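Submitted below is the structure of interest, expressed as structure tokens.
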């Protein structure tokens, strides 16, 4: 088997839009490798996503215009990507976004190619041609360094929002359109509908964004403005223990030791002082923003960004520009 | 692993997850509302918790004493009241299994799956002195006619079947099993206790309840023996509840002391705090070993009266003391009704009294020691 | 419908540390539990059985004491279990694991539906399901959050990152499920005792007609070079400007740059 010195990146498209994680992967691969970065783009025959994709400077775009394959299931995509490799040669690496699609197609292709795959990478680097992959395990409590020394392509899925996408003009970009891939159809699965989902989750433990209210913001006005802010942000409202005295909040919304443990991407704390009982429940939050009038509030030690001042005023200002 | 070990592990996995998700989050609410919120008792029945140590021939799971105690320990980590409600039911089943005639077992044990059974000795006229009671049963033809008033019954009002101690002669104590649906059965007043507030404790009034010989538990005159036996079984399980309380206290203080800082150092680094935390841990482990040994002896048909008394006496005193230490470590939070420490002290305090006072336990232990020496 | 649910036994907590001496994960005092996602897969299987009838078989690969977890699935309502246990399986990565599980599915024969949780909470890969589907040459649907069974097909709903899909799938099929698909039951206490009447069969490597080069360490293309526990660095808070309006604008700009807020926000 000849290995071609190329790094392939699978371009994820959702309903005719490129998922921005693709750009992050292209930028990262360009930063760590001298070999060409090749974007694998499957799109509708009348689409023109390659224009947008070009802005991030891949060295080559392998373009498959196929109205059926765009909506292909995992089995069909696997077959098509395998055929593409048979046509073009085996790339040294093949990277997918760690999205639902990437995490479903990549392992299937891996099994077809009988190579290795590392899931959900947080970092990638090269040692000569060897791709060194850093993956989290045990809910991010352990980091593993993984390599695939004797098989190709070296496959990985990489987590969104870890690498930063950067636009770059690449005058050497080549777009190569591939036709007659002759992938095998799977008649057993039928995708009946695909729609943009409404994101409404009331489950605070699973919420991606949370606006949390504390004792310092327990007034009717405070609750009202927090609710408006949450609505604008598509966030769920959480509370500290004292607020569960109010009729509208129970333990289901309570964050902390005697309540729920949360892990949102964004947590905004309004009028929360930061007692241990509360902060025990927020250690898995990604970005923590806190607002408190007390400059020495404990909560600031658990925050990425903080505002010293009135939570009402800040929330109003924030809501106004969203 | 043999069947016994495997089933114990599966049971404890389930109870741990059940406690984490269904019990512990409601601990404060149960204490404050004085009731099992969140349909907890329906869930307890649905998943057959009530049948844990019920023998298989009566539709139960047939777990031994050690496993049953471990299960109660786990539940009490989440909420002590629920542990005590189960303890009250299990010790009653134990006595029916041990002393009941076949007809009584066939009638009531299969019902234990869904109906709680309570055990009742205390009356306004006496607790620790059983001969002071006034309830009595009189034989009239083939029937026994029972009259009297029993108070401070664990699960009283919640339980549907009651094992009651009555006099069958001036100096003769006997036990009968009565059902809340029998004619002449009435509920009386509920107690308003300081701790273990989830457990209903109440009164029943018996007005000419008529039962046949089959409802006699054991034989006429066996009241004292059956009462002692129930106490012993209850004390083992109370050791498990107390261990659960101390595990809860330990969780709270270790979590707090590792996060709370004074002068930028977590307070767990300070010797004064360490001493308290270590004392709680030692007391917890000691109580655990005591109840486990008592349960093991019971499962192996050896005397366990002394170990059961030790588990309860030492465990209750220690859990109150540990709660007090925990309160001190948490300072203002510990003293706040918004945090669980204060109710753990109230819960533990109940067990210095119920099922025989600490003083009575010491008497029992001392006399057994003296007898063993002699 | 003949359903096989593949389960994995994992440590009871993911809050694990590395042992300084062995440089490996410290499992001292850690009990095992069934991977939580797999409990949702089992509940899905039991629901399908309740609705259209059939047989639920649970299977796992691992040492003999993983039989506890299989016994637990029997107490939860599965009909029988298979334990794949052999020294030769040790050191398997997802590819080698998927290979052995796939071979076992073939040996069971006439399986209509293979069910797994979306991923395990220890390795966090979610790869074994798709690998099995590929080896079995059957279609797959991953991350399902609703399943309605009809006699010979399934109606499935799933959420991709930005798209909600509805799929009709004919059998045989491999399905992985999320933890929002259902609420698993707790094990019934009496059923634990009763479960001992149901069979757990152990299959060793020799019974599965395996290609030795595809099993265990030999069949694993990936190599774990090292593991470490990342220190969760204390947050160094950035103080926002004193004026609320300016501070809000500053925050929004920062959050957009970090992709925490999107352009739509």
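Lettered A, B and C in written order, each chain numbered from 1.
In this text, a contact is a pair of C-beta atoms (placed from the backbone, for glycine too) under 8 Å apart; a residue touches a chain by one contact, two chains touch by 3 or more.
Just so it is clear, the model here is predicted, and its values are computed rather than measured.
Student: Report which of A-B and A-C is connected by more C-beta pairs in contact.
Tutor: Ranking A-B and A-C by C-beta contacts puts A-C first.
Student: Which chain would you call central, comparing Cα centres to the global Cα centre?
Tutor: C
Student: Compared with subunit C, which chain's mean CA position is the farthest off?
Tutor: Relative to subunit C, the chain whose C-alpha centre sits farthest away is B.
Student: Return the distance between the CA-based centres of subunit B and subunit C, expressed in whole Å.
Tutor: Their C-alpha centroids are separated by 40 Å.
Student: Centre to centre, by mean C-alpha position, how many angstrom separate subunit A and subunit B?
Tutor: Whole-Å distance between the two chain centres: 51.
Student: Taking each chain's centre as the mean of its CA atoms, how far is subunit A from subunit C in angstrom?
Tutor: Result: the chain centres lie 20 Å from each other.
Student: Please output the residue numbers of subunit B that touch at least 2 other chains, ranges allowed.
Tutor: none
Student: In the complex, go through subunit A and note every residue touching subunit B.
Tutor: 241-242, 251, 257-259, 275-277, 279-280
Student: List the residues on subunit C that touch subunit B in their complex, please.
Tutor: Contact set of subunit C toward subunit B: 12, 31, 33, 65, 67-68, 71-72, 75, 186-193, 196.
Student: What residues of subunit A sit close enough to touch subunit C in their complex?
Tutor: Per the stated touch rule, the residues are 14-15, 17, 19-20, 73-75, 78, 99-101, 103-108, 110-112, 114-120, 132, 135-151, 160-161, 186, 188-197, 206, 232-233, 265-266, 283, 286-290, 300-310, 313-314, 316-318, 320-322.
Student: For the complex, give me every residue of subunit B touching subunit C.
Tutor: For subunit B paired with subunit C, touching residues are 1, 3, 6-7, 9-11, 13-14, 16-18, 46-49, 51-52, 56, 59-63, 113.
Student: Quick one: which bits of subunit C touch subunit A in the complex? Just the residue numbers, please.
Tutor: Touch list, subunit C to subunit A: 11, 14-18, 25, 93-95, 98, 121-131, 133-135, 139-143, 158-170, 173, 180, 220-230, 232, 234-235, 237-240, 242, 244-245, 247-249, 251-252, 254-255, 258-261, 265.
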